[in-house]
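This is the structure I have questions about; it appears just below.
Here the chain labels run A, B, C, D and E in written order, and each chain numbers its own residues starting at 1.
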Amino acid sequence: MRLSTIIGFIIGISVIFLSIYLRNPDMLDYFVNLPSIIIVGGGTTAAILINFSFRQILSGLKAFRYTLVGSVMDPEGVINLIVEMAVKARKEGFMSIRELSTAGKYPLLDIGVDLVADGTDPGVTRGILETVSDYLQMKIGADERIWRDIGVYAPLYGMVGTLIGLIMLLKTLDDPASIAPNMSVALMATFSGILLAGLVCMPVAGKIRVYNTNMALAREIIIEGVASIQAGDNSQIVREKLRAYLAGRQ
Amino acid sequence: MRLSTIIGFIIGISVIFLSIYLRNPDMLDYFVNLPSIIIVGGGTTAAILINFSFRQILSGLKAFRYTLVGSVMDPEGVINLIVEMAVKARKEGFMSIRELSTAGKYPLLDIGVDLVADGTDPGVTRGILETVSDYLQMKIGADERIWRDIGVYAPLYGMVGTLIGLIMLLKTLDDPASIAPNMSVALMATFSGILLAGLVCMPVAGKIRVYNTNMALAREIIIEGVASIQAGDNSQIVREKLRAYLAGRQ
Amino acid sequence: MRLSTIIGFIIGISVIFLSIYLRNPDMLDYFVNLPSIIIVGGGTTAAILINFSFRQILSGLKAFRYTLVGSVMDPEGVINLIVEMAVKARKEGFMSIRELSTAGKYPLLDIGVDLVADGTDPGVTRGILETVSDYLQMKIGADERIWRDIGVYAPLYGMVGTLIGLIMLLKTLDDPASIAPNMSVALMATFSGILLAGLVCMPVAGKIRVYNTNMALAREIIIEGVASIQAGDNSQIVREKLRAYLAGRQ
Amino acid sequence: MRLSTIIGFIIGISVIFLSIYLRNPDMLDYFVNLPSIIIVGGGTTAAILINFSFRQILSGLKAFRYTLVGSVMDPEGVINLIVEMAVKARKEGFMSIRELSTAGKYPLLDIGVDLVADGTDPGVTRGILETVSDYLQMKIGADERIWRDIGVYAPLYGMVGTLIGLIMLLKTLDDPASIAPNMSVALMATFSGILLAGLVCMPVAGKIRVYNTNMALAREIIIEGVASIQAGDNSQIVREKLRAYLAGRQ
Amino acid sequence: MRLSTIIGFIIGISVIFLSIYLRNPDMLDYFVNLPSIIIVGGGTTAAILINFSFRQILSGLKAFRYTLVGSVMDPEGVINLIVEMAVKARKEGFMSIRELSTAGKYPLLDIGVDLVADGTDPGVTRGILETVSDYLQMKIGADERIWRDIGVYAPLYGMVGTLIGLIMLLKTLDDPASIAPNMSVALMATFSGILLAGLVCMPVAGKIRVYNTNMALAREIIIEGVASIQAGDNSQIVREKLRAYLAGRQ
């Protein structure tokens, strides 16, 4: 996912740059318009601050890193590891699989391994793993939502900026020649707001969503695998149960 | 959450103020436009009064206080308390945990403690606690909805105001020089409506939603904890079950 | 809810009246524009007739009365009555609670009382009461939907009316001086459509929804209460089970 | 539902006709604009062909007949028939109810009667009837969706038509006097698209939805009734179970 | 579905072509506007790259082939085959049905046949088949979503392109005669964006959805059939169970 994010930003910025440059190379700096940036950036910041807590905003902004993750997980590898655990558990008992712990590479699997090795009841084990998975998904969903909401407030404050410009322009109309350039400036806020939403917020929110979905799939495989280990399924059934999830792999 | 709400409002108002001031310091008072305030404020008030009951509107407006709550709860503290209760219940019986009641700090936990101490059936206990939790969430959801609806009606009445201005302006067109200033005034209603929605209603509704989600998480921990106490789980299982919810902590 | 509906309509109409009157007292009658009323009223009527059956439209329009209901129910009173029934049933048998029938004040409770007194199986009893409750909620939901749909068609036909006016105006442009007044008339249809949606349809649909939600809550209390009577719960448990629903009271 | 559909179309067409005629009787034929019909009709046809298969489109268009159905079913009659079956089944055995088959009037009831008479397991019977009912509902839901989608594409191609007209008009601007009439023609496409959506597609989709909901309710009564016959319920319980569904009757 | 897709594209392109040609044959090439293509195509590409991973984008674009599939499956044939399997399984044992494997024509059925022949537990078998089916549906749903998202970004970048044109035009207004043609060019971006969405993205996404729904129906029949074989149902029950799904056939 990393490369596509970076190439996407490069293409997006180049296309906007080119669209302006090809028509009139002298107007590139005209499009970096301070008042538009103040109203769109400031207004959106204000709305987001009222809408969320600092902790959430920080968490949301940091979620940008999910768009730069190379690849979410190696499902084949996880399945092989779980099958190996199932075999070991049948041969040497549940205690033994702790040796195959991934030491933090797949945190949910490690939690599951610990619970299995401790002899926790299968229902309780699945309950704990599903709770962790559901709430993790909700958390990243909340991170995504912050980007979606920035993508809603940015065009809204773009419109506010354009309205302010238009209202002032129409009120203080003394020189007809100044109408068009002033209207041009007023439209800049709408332009900035839409661009911020369409090039940054919406796509970033979208990729966080992709990351979240992929991670949830990975966790479902792990939860099913741990349950399968506890049920004492033979390795072939474990593998078939888990490979069923790969039908949805992207 | 308190600080972010207050800072948000300060930034939002400053940005609008600055956007106007920087272009034309003399026009600040022009943007406080009585007819716009009448149509947007009055129309929205009317729609909200028809849409809800007085009791709900009052409850909704008072829900603004949720945006000023410092921090929703201390999950670690709650978990430690519930673990302590579980240990005490195993040692000294269910009756004993009444001593650990939070005396109103966590009302749902207190209800649960009472039910457990009274020897209520676990199914009934969970049923009662979940009913309280679900309906509390619905209630705050209804409070949020009032703000969302104000945020829908405000721009709508902004448009109504602008349309009234435009229709009158076009009808009584005798002096062409008056068109632009009159159109400027007409646009003010749209500006007020959008600003009310984008700076107040939508973000406030959003933060009430955040509060509601966080509170629901806290209540889920309590419900699971009370069930765990009644099931006689050992302290380690109780802690693991409850800490699983913290994966979604924000 | 009655008072808020009436006050809402008074404020809404006054605000529109004032907004026009303050700017130009002579133009009040200008805003009562027959062609706009024909296209918005007639078009919306046509669409609603195609969209629903006569029976539904009648039921939907009559649902307006729900916005004028003083107060939906007295939950404390219902809970006290059910607790009384539970006590009586434990003492004197299920047959005896028929004496406490509400004689139509709470129809669902009366159905429940009859079923309990007839010795109907608890599962069947709950099934029948839930079916009645679910379908009643669906019915009032359909009533609400008619108002929502009027609120969608009205602005749409407002736009159709404005487009017809605009198309004719642009085609038959001989006297430039007539453009503005004709455009003014054309905009009237949009104004009427939006006002009909924003002042009548959307808020009325909203209050029908509020009524429906409150009634559903009341019925949930009754269903839970009847189940509790059949289960032979003691009065304290019945009361605690039912009071749990009041957490969502508005 | 038949009459309301027909009256709706008559009112709708009359209102549009009148709106044009009253302002300028000479312009009625002007509103039948071939290029608009080509772009809106052709573009929408193209999009619908790409979006669905021939079979679905045919099925969707034929679903228009549901808007002309007089009345969906006679619930009281169905309930009486099922009660009669239940009585007969208790007296003369399941085989005997085949005599009461409706011979195609209520196909789902006939399927149920056959299954009961064949001595099919109650779980399997309910499973088969629910599958038939669910997929029938999905099918009519897909028919409805085609009308909804036409109602989305029509205004979109109206906009495309208006944009084409506007772009050509602005490019080839030599005679200022031709601007207004050309703009008038350009707007015709938007007018046609919105009218097609608002007078035909959306209301027809709406009535198909009403038909679908009513039919689903009828089928739920039949499924519950067949289950009740198999369970050997006495006639009073059967009637009470089934009449519970009529709470949602419209 | 193949033919309708191809005919749809031919009609769509012809209609746009004709709409332009009939008004002014000389302006056909004017509508192939490079800057518009750069901003709409480039901007949309950028947003999609940021929003999804390369793997998903490739998978999504390749999903276009689903719009060219002749017919999804022959449900009668599948049902007959499964009934034949059920008969064989009852006569010759589960091992024997492996001979009736479809060798890849219906992959899910083959997986089911293998599981049944291996004597897998019915619950596990259904679990595996449902997991495969659910995740396959999610995957094609994700493919559909890419087309939906292109259909959102294209008009958005059309608006960005038009705004850039408008802003530059209004700023560098020296020759009033150049306003109209420049505005014409600016509108071209909006035109391209809407056309890309309305003629390609939305209908293609729609047909992928149709394909996905039909395939899911086919898989439900297979899953139910395999369960029926394992349950040892007689051939008549199997056929009745499976034919129930055809009520939803389109």
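The definition used in the following text is that a contact is a pair of C-beta atoms (placed from the backbone, for glycine too) under 8 Å apart; a residue touches a chain by one contact, two chains touch by 3 or more.
None of these values were measured; they are calculated from a predicted model.
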item: Subunit E and subunit C - chains in contact with each; value: D
item: Degree value of the rotation bringing subunit C onto subunit D, based on Cα positions, nearest 5; value: 70
item: Interface numbering overlap (same over half, different under half) for subunit B and subunit C; value: different
item: Subunit A-subunit D separation of Cα centroids, rounded to whole Å; value: 39
item: Subunit D and subunit E, separation of their C-alpha mean positions in angstrom; value: 24
item: Chain contact topology (line, ring, star, complete or other); value: ring
item: Of subunit A, residues touching subunit E in the complex; value: 1, 3-5, 7-9, 11-16, 18-20, 22-24, 27, 30-31, 67, 180-181, 183-184, 187-188, 190-191, 194-195, 197-199, 202-204, 206-207, 210, 213, 217, 237, 240-241, 244-250
item: Subunit D-touching residues of subunit C, taken from the complex the two chains share; value: 35, 38-39, 42-43, 45-57, 59, 115, 120, 124, 127-129, 131-136, 138-139, 142, 149, 152-153, 156-157, 159-161, 163-173
